[in-house]
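First chain A sits with chain B, and in the next complex the same chain sits with chain C.
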Partner chain A sequence: MSNPLALLGRAATYLALSLAAFVSVFPFVWMAIAATNTSPDIIKGKATPGTALFDNIGTFLTSVDLPRVLFNSFFIAGVGTALTLLVSSLAGYGFEMFRSRFREKLFGGLLLMLSIPFAALMIPLFVMMANLKFINTYQAIILPTVAWVFIIFYFRQATKAFPHELRDAARIDGLKEWQIFLFVYMPVMRSTYAAATIIVFMMHWNNYLWPLIVLQTNDMFTLTLAVAALSAGYTPDFGLVMVGAIVATLPTLVIFFLLQRRFVEGMLGAVK
Partner chain B sequence: MGVCVAQSGLARKEQVSGWLFVMPALVLLGIFMIYPILWSLWMSFQVGRGMSFSFGGFANIVRLTQDPVFLRALTNTLVFLAIQVPIMLVLALLFASALNDSKLWGRSFFRTAIFLPCVTSLVAYSVIFKSMFAGDGIINQVLLGLHIVSEPIAWLADPFWAKFVVVSAITWRWTGYNMIFYLAAMQNIDRSIYEAARIDGVPTWARFWYITVPMLKPVILFTAVISTIGTLQLFDEPNLLTQGGPSDSTLTLSMYIYNLSFRFMPSFGYAATVSYVIVVLVAILSYIQFLVARDRRA
Partner chain C sequence: MTRMSTGLKRSLAVAMASVSMFSVTAASAAEILVWCWDPNFNGATMEEAFSRYQAEHPDDTIRVEIFDKAAMEQKLQTQLASGTTEGLPDIVLIEDYRAQKYLLSFPGAFEPLTDQIDYSAFAPYKVEVATVDGQTYSMPFDSGVTGLFYRADKLEEAGYTAADLENITWDELIAIGQDVMEKTGETLLPIDPNASDLFRIMMQSAGTWYFDADGNVTIADNPVFHEVLSTYQRILAGGITKPVSGWTEYTGSFTSGDTLATPTGVWMTATIKANPDQSGQWGVAPVPRMGDVESSVNASNLGGSSWYVLSSAPQKDLAIDFLKSVWGSDVDFYQEILVNQGALGTYMPAREGEAFQASDEFFGGQPVWQNFSNWLAEIPAVNYGIFTEEADSAVVAQIPAITSGGNIDEIVAAIDAQVRQQTQ
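Moving on, here comes the complex of A and B:
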C-alpha cells in the first residue's frame, strides 16, 4: 500500500538531487562557454560556444603578467599550506596524545579563538606588518595564517582515531617523539592530511581580503587579486575575465580530483 | 619509592614533549591573534585620524549610534545572516540525508556535483555570478523565456535583488561544504537504528527528524557556529559582486571596516570599534546557538 507513495518519494528525491546537481554544475559550464564569447555576447546571455576564445586569451595575457602572478599565487598557497599543515597538525597531535593538567583548559581557550573574526584583526595586523616593514611581502600574507585554530581542531579530532599502540611500539623501538610524528603518525594519517590539504590550499588560494590590504604593487599580486581587479566595475570585459576565472579555478579543481577519494576518508575520521 | 620517582620523571618528560608539539602554534596564535585582538580593544577607545590618536573614552561607541552607514551595514549583515545561514544548513542537511541512502543510484556523482562549487576559486564564481545576473544576462533570458517574469529584473542595480544575488552566490558555494560534514557524521550513525525504525513503520520524515537530526546535533551546532562567524564577517562576495551597492544595500560590517581603515582617511580607532561589534555579535550568537542545542536534548 505504501509502495506508490515510496516510489513518489524516491522520484522526488531524484528530481531534487538532479536539480541541485544541475544548479551546482551549470556555472562551470557557463564559465567554459563564456570564455569563448565576446563580452557583449556574454552579458546578453549567449549560451552557445563562440569564436572569441583566442582573442580573450590574448587580451588576458596582455593585461596580466600571468607567469609572475601564477608564481605569487603558487608560492603563497604552497608554502602557506605546507606550514599550516605542519604547525597545526603538530598542535593537534600534541593536544590529543600528551596529557597535561592545563590541556583541556588551554584547548577550550583555543576553541574560543575560533570565534575571533578576522575583521577585528586586520587593522592591528596591518599596523604590525607596517612596523616590521613587511607590507607588500610574501611573509606578511603567510605568517598570520600558519597557526589555524580550525585546522588544529580538525587534527585533534582526527587524532582520536590514531592507535596509541602504534606510538607505544615505536617508543619501545627507541624512536624519539619527533620521529614518531614524522615517520609513524604522518604516513598513517595521510587521508586526514589529504582532506586538510584541500581545505587549507583553497583558503590560501582564495584569500582575498588580507592580500588586498597587504599587497600593493602589481608584481606582488596573486591571481585572485589580479582577476578581481580586472572584474571590478559594472561592465568589465567579461571575455578576458572568464579566461582568468578558468585559470584561477583549475589548480583547486585538479587538487580536489587528485585527493577526492582520500578527502572523504579524511573527513570521516575527523567527524567521529 | 624508586618506581614513583621514575613515574613522575616519565610524566614530566611526556609533558615537556607535549608542550614542544603545541608550542609553535601557541606562539604564533599569541602574536597574530591574541595580541592584535587586545590591541583592537585598546584601539577602540582611541579617537583621531591616521597614526595620531588620543584617548576618547566612549566617543566611538556614541559615534556608532549616530552613524547611518554603520547602522545600514549592521542591518545588511544581520539580514544576510538570518536568511542565508538557515537556508544553507537546511539544504545541506536534506541533501546529506538523501545521499546517505546506500541504495541511491548515482550517489558519488551527486555528492561530487553538489560539492564542486566549493572548489571553485573565489574570483571565478564572483565573475560567473556577475555575468549570469547581468541585466540582459542568461538568468533573465531564461526567466523571460519561461514567462516567469514579464520584464528583466535589474538584479545588481536593485537593492532587494542585489541582496538576493549575494545570498544565492554564498549558498551556491557553501552548501556542499556543509553537506560533507553532515555526510561524514551520518556514516557514524548505526544503520540498525534506521532499520528498526523502518520495520516499526516510522515514516521517512520522522526518521529524519527524530533520528538523524538529534544524532547530528554536535555537527549541526559546529557548522551553525562556523557559518554564523563566516557570514558576520562577510566581505569577499559583496565586494566582488556589488561593491556594497546599490546605495549601500549590500554593504557589510567588514566592508565598512575596510573602507574606514584603508579607503577613506584612516580612522583606525573607530574601525576597531566597529570590528568589536562583530566580536560581540559572534559571542552572543554562538552562546544562543549553544543554549538552543543544549535545550533540544532535554
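Moving on, here comes the complex of A and C:
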C-alpha cells in the first residue's frame, strides 16, 4: 500500500479535478434541465427536470426556420473553414519556407494586426462591403476571415517542425512548388489541419457580431443569430432559449469529438 | 439628339418606359421594413397596427425584423456611423433613454415629424425626449409609467389595504416594510445592487435628471440628487430589502413570492401575469414620492420606447402615412394592443376607450389601466441627454458606498466627478 501522504495527495488531486469538472459541466447540465421546464419555472430557479421539453421544442420549431438557418450556418462555416485553411495555411507555409529580406518585418506587421479590436475595423469593413454590394450575402461574412492572422501564425509555427528534407526530396523528384504544398505538405500536416479546422469552424459557427451587422434579413440569419434573437424581448421564453442553445451547441460538440484525437496531436505538434 | 439613331432612341424610350413602369409597381405595392426587439410586444403591436392600415392599402406589406435589443442598437449605430444607408429599415424602434444620443450624434439621419403629427395628443414627457431644437422626431410608443406592484394578499395579512399604499412617501413605504417584516417575517423589496432603476424612478418623479434642459451635468449642484441617494440609503438601511443579482433573479424574486413588492414600469405587468396561479393576489399602487422634495410626485417613468422614421428610408412617405393614420389617430388600435400585448400607449385620447376603463381580476378588480394612464399624464418631463448610460454607471459604481452607509456628500461629489470626466 502507498503511504498516507501520497494517498492524501491523490485525494486532493481528485477533489480539485472533480471541482473543475463540476464547474465546466454544470452549465451544460443546467441548460439541459432548463430546456425541460417552462419559462416561469426557470425564473423561479427550478433545477429539476420538468415536463415542458416537447412544448419548448415545438415553440422552437415554429419560431425558427431551422432547415434554413442550419443551411446558412453550415454553408458559411463549411466554405469559410475550407477557404481560411487553404489560404492561411498557404501563407503560413510560405512565411516559413521561403526567405526574403522583408519576411520578418511583414510577419511582425501581421502579428501587430492581431491587437486591433474588431470593433475598430467594423465600420470601414461595412463601408467596403456596402461598396462591393455584398451586404446581406454569404461572401460578406466569409471573405474577411479568409486571410486570418492567427491561423497564419499557427501554421507558420507548425511548419517549423516540417522537415526541409522532404521538400528538397520532392523537388529532386520534379514536383512543382504547388504540388509540394498539396501532395507533400498537406498530408504530413494533417493533425495541424484538424486542430485548425476545429478552431476555424468554431469561430465561424459562433461568429456573432459581424454577421449581425452585415446580414439584414431573417432568411440569411445563421443559427447563432436566430438563437440570440430568441432571447429578444422583455419577457423571453427561457425554455425556448435553452432548446435553441442546445441545438446551437450540438454541431460543435460533434465535430470536436470527431476530431478530438487529431486536435490533441495538432496542439502538441504535428510532425513526430 | 438628332444624331442619335432611331434604333437607339426607340430602345431608350422602351427602357425609360419600363423604368417608370417599374417605379409605378414599386409605389403601388411597397414593403415597409421595421426593426424592433420584442416579438411579443413591440413587434406584435407593429404587426397589428399594419393589419389595420392594410385594410385600406391592400397592396402594401410590412416586414418586421426582430433582433435582441443590444444587438439592434449595435447594428443601427454601426450603419449610421458608416454613412451607408443600404440595408437600413424604414422605421426603427429606439429606447427613450437613448433617443437624444441618436438624434444628436447622427443629425439628419432621422426624419422630423413635427409638421406631420399632432403631438399635443401625446403624453408631454414622451414628446420631450424626442425633441431636438424644436423638432420632434418620434411616433411615441409605449410608456414606462411606474407603479408599485405588490402582493395584496400578503400585505393584507399584515393589516395593509390598497388605501394605505395610495400616494405615500418612500419613508412611509420603509415603515410599512418594517412592520410587515415584524408581523410576517417577509421581505418587501428585491434590490439589484447593479441596477440604476430605482435612482431613475426617484429622479424623474421630481422632474430632475443627471442633466438639465441644456444637457449640462447637474449632479453635485442638484439638492434633489442628494435626496435621491439618501432615500436609497434609508431604504437599504431599513432592512426591508433582499439583494438580487441580474434581471432573471430580480423578476424571479417577486414572482416566486420571495419578496412582496417592486416599484417598476407598467411593462412588468406581462411578467407578473405570466403566473396565473397568483391571480387576484396582486395590486398596483402609485409609485412612492420623495417626502422632502416638494417637486416629487407619485408618478414616474422607467423605460419606454418610440418609433423613428429614417430620412434615408426607401418608403419614407408610406411609413409616415402609416404611422399617422394608425399610431396617431386610431383609438381602437390602442385598446387592442393594451388587451393583447399589455402595451400602454401614450396617445392620450385612447384613455377613453373601453379596454382602458376595464378592471383586472388579476389585480383584485382594480382599474389598473385607468390608473396607469392617469399617472402617465402626471409624469414630469426631463431631458435624458446623451450620456444617461455613462451617468448610470457612475451611480452604480457608488452603490456599495451608499449601501455601507457612506457620506452622501462625498459620494455625490465622486459621481459628479466621474460623469464630468466621461462626458467632456
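By our rule, the second predicted complex is superposed on the first by the 256 of 272 C-alpha atoms of A that agree within 3 Å, B and C clash if a C-alpha of one lies under 4 Å from a C-alpha of the other, contacts with A are read in each partner's own complex, and residues count from 1 in each chain.
Going forward, contacts are C-beta pairs under 8 Å (C-beta built on N, C-alpha and C of every residue); 3 or more make two chains touch, one makes a residue touch a chain.
Being a predicted model, the structure only gives us computed values, none of them experimental.
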Worksheet item: Based on the superposition on chain A, does the combination of chain B and chain C result in a clash or a fit?
Response: clash
Discussion item. Quick check for you: in the superposed arrangement, does A:Q179 touch first (chain B), second (chain C), both or neither?
Written reply: neither
Item to complete: Check the residue A:L114 against both partner chains and state whether it touches chain B (first), chain C (second), both, or neither.
Response: first
Worksheet item: Which of the two partners, first being chain B and second being chain C, lies in contact with A:N218: first, second, both, or neither?
Response: second
Practice prompt. Applying the touch criterion given at the start, work out whether A:N136 contacts chain B, chain C, both or neither, answering first, second, both or neither.
Written response: second
Worksheet entry | First, second, both or neither for A:L209, with chain B first and chain C second | both
Item to complete: Compare chain B and chain C by how many residues of chain A each one touches, and report the one with more.
Response: B
Worksheet item: So, A:S231: does it touch chain B (first), chain C (second), both, or neither?
Response: both
Worksheet item: Regarding the shared-chain residue A:G9, is it in contact with chain B (first), chain C (second), both, or neither?
Response: first
Discussion item. Output check: A:V127 vs chain B and chain C. Expected answer is one of first, second, both, neither. What do you get?
Written reply: both
Worksheet entry | Which superposed partner A:I43 touches (first chain B, second chain C, both, neither) | both
Worksheet entry | Identified clashing stretch of chain B versus chain C [93-101, 201-209 or 255-263] | 255-263
Fill in: chain B and chain C contact sites that coincide on chain A, given as residue numbers
42-45, 122-124, 126-127, 209, 213, 228, 231-232, 234, 238
Discussion item. So in the complex, the part of chain A that touches chain C is made up of which residues?
Written reply: 39-40, 42-45, 63, 122-124, 126-127, 130-131, 135-136, 209, 212-213, 216-218, 228-229, 231-235, 238
Worksheet entry | List of chain A residues in touch with chain B within their complex | 9, 13-14, 16-17, 20-21, 23-25, 27-28, 30-31, 34, 42-45, 47, 87-88, 90-91, 93-95, 97-100, 103, 106, 110, 113-128, 143-144, 146-147, 149-150, 152, 177, 181, 198, 202, 205-206, 208-209, 213, 223-224, 227-228, 231-232, 234, 236, 238, 241-242, 244-246, 248-249, 252-253, 255-256, 260, 264, 267-268, 270-272
Worksheet item: For chain B, which residues count as touching chain A in their complex?
Response: 14-15, 17-22, 24-26, 28-29, 32-37, 39-40, 43, 91, 94-95, 98-99, 104-105, 109-110, 112-114, 116-132, 134-142, 156, 172, 176, 180-181, 183-185, 187-188, 204, 219, 225-226, 229, 232-233, 235-236, 239-240, 243, 253-254, 257-258, 261-262, 268, 271-272, 275-276, 278-279, 282-283, 286
Worksheet item: Of all residues in chain C, which touch chain A in the complex?
Response: 37-41, 65-69, 71, 74-75, 78-79, 81-84, 86-87, 248, 251-252, 255-256, 267, 270-271, 274-275
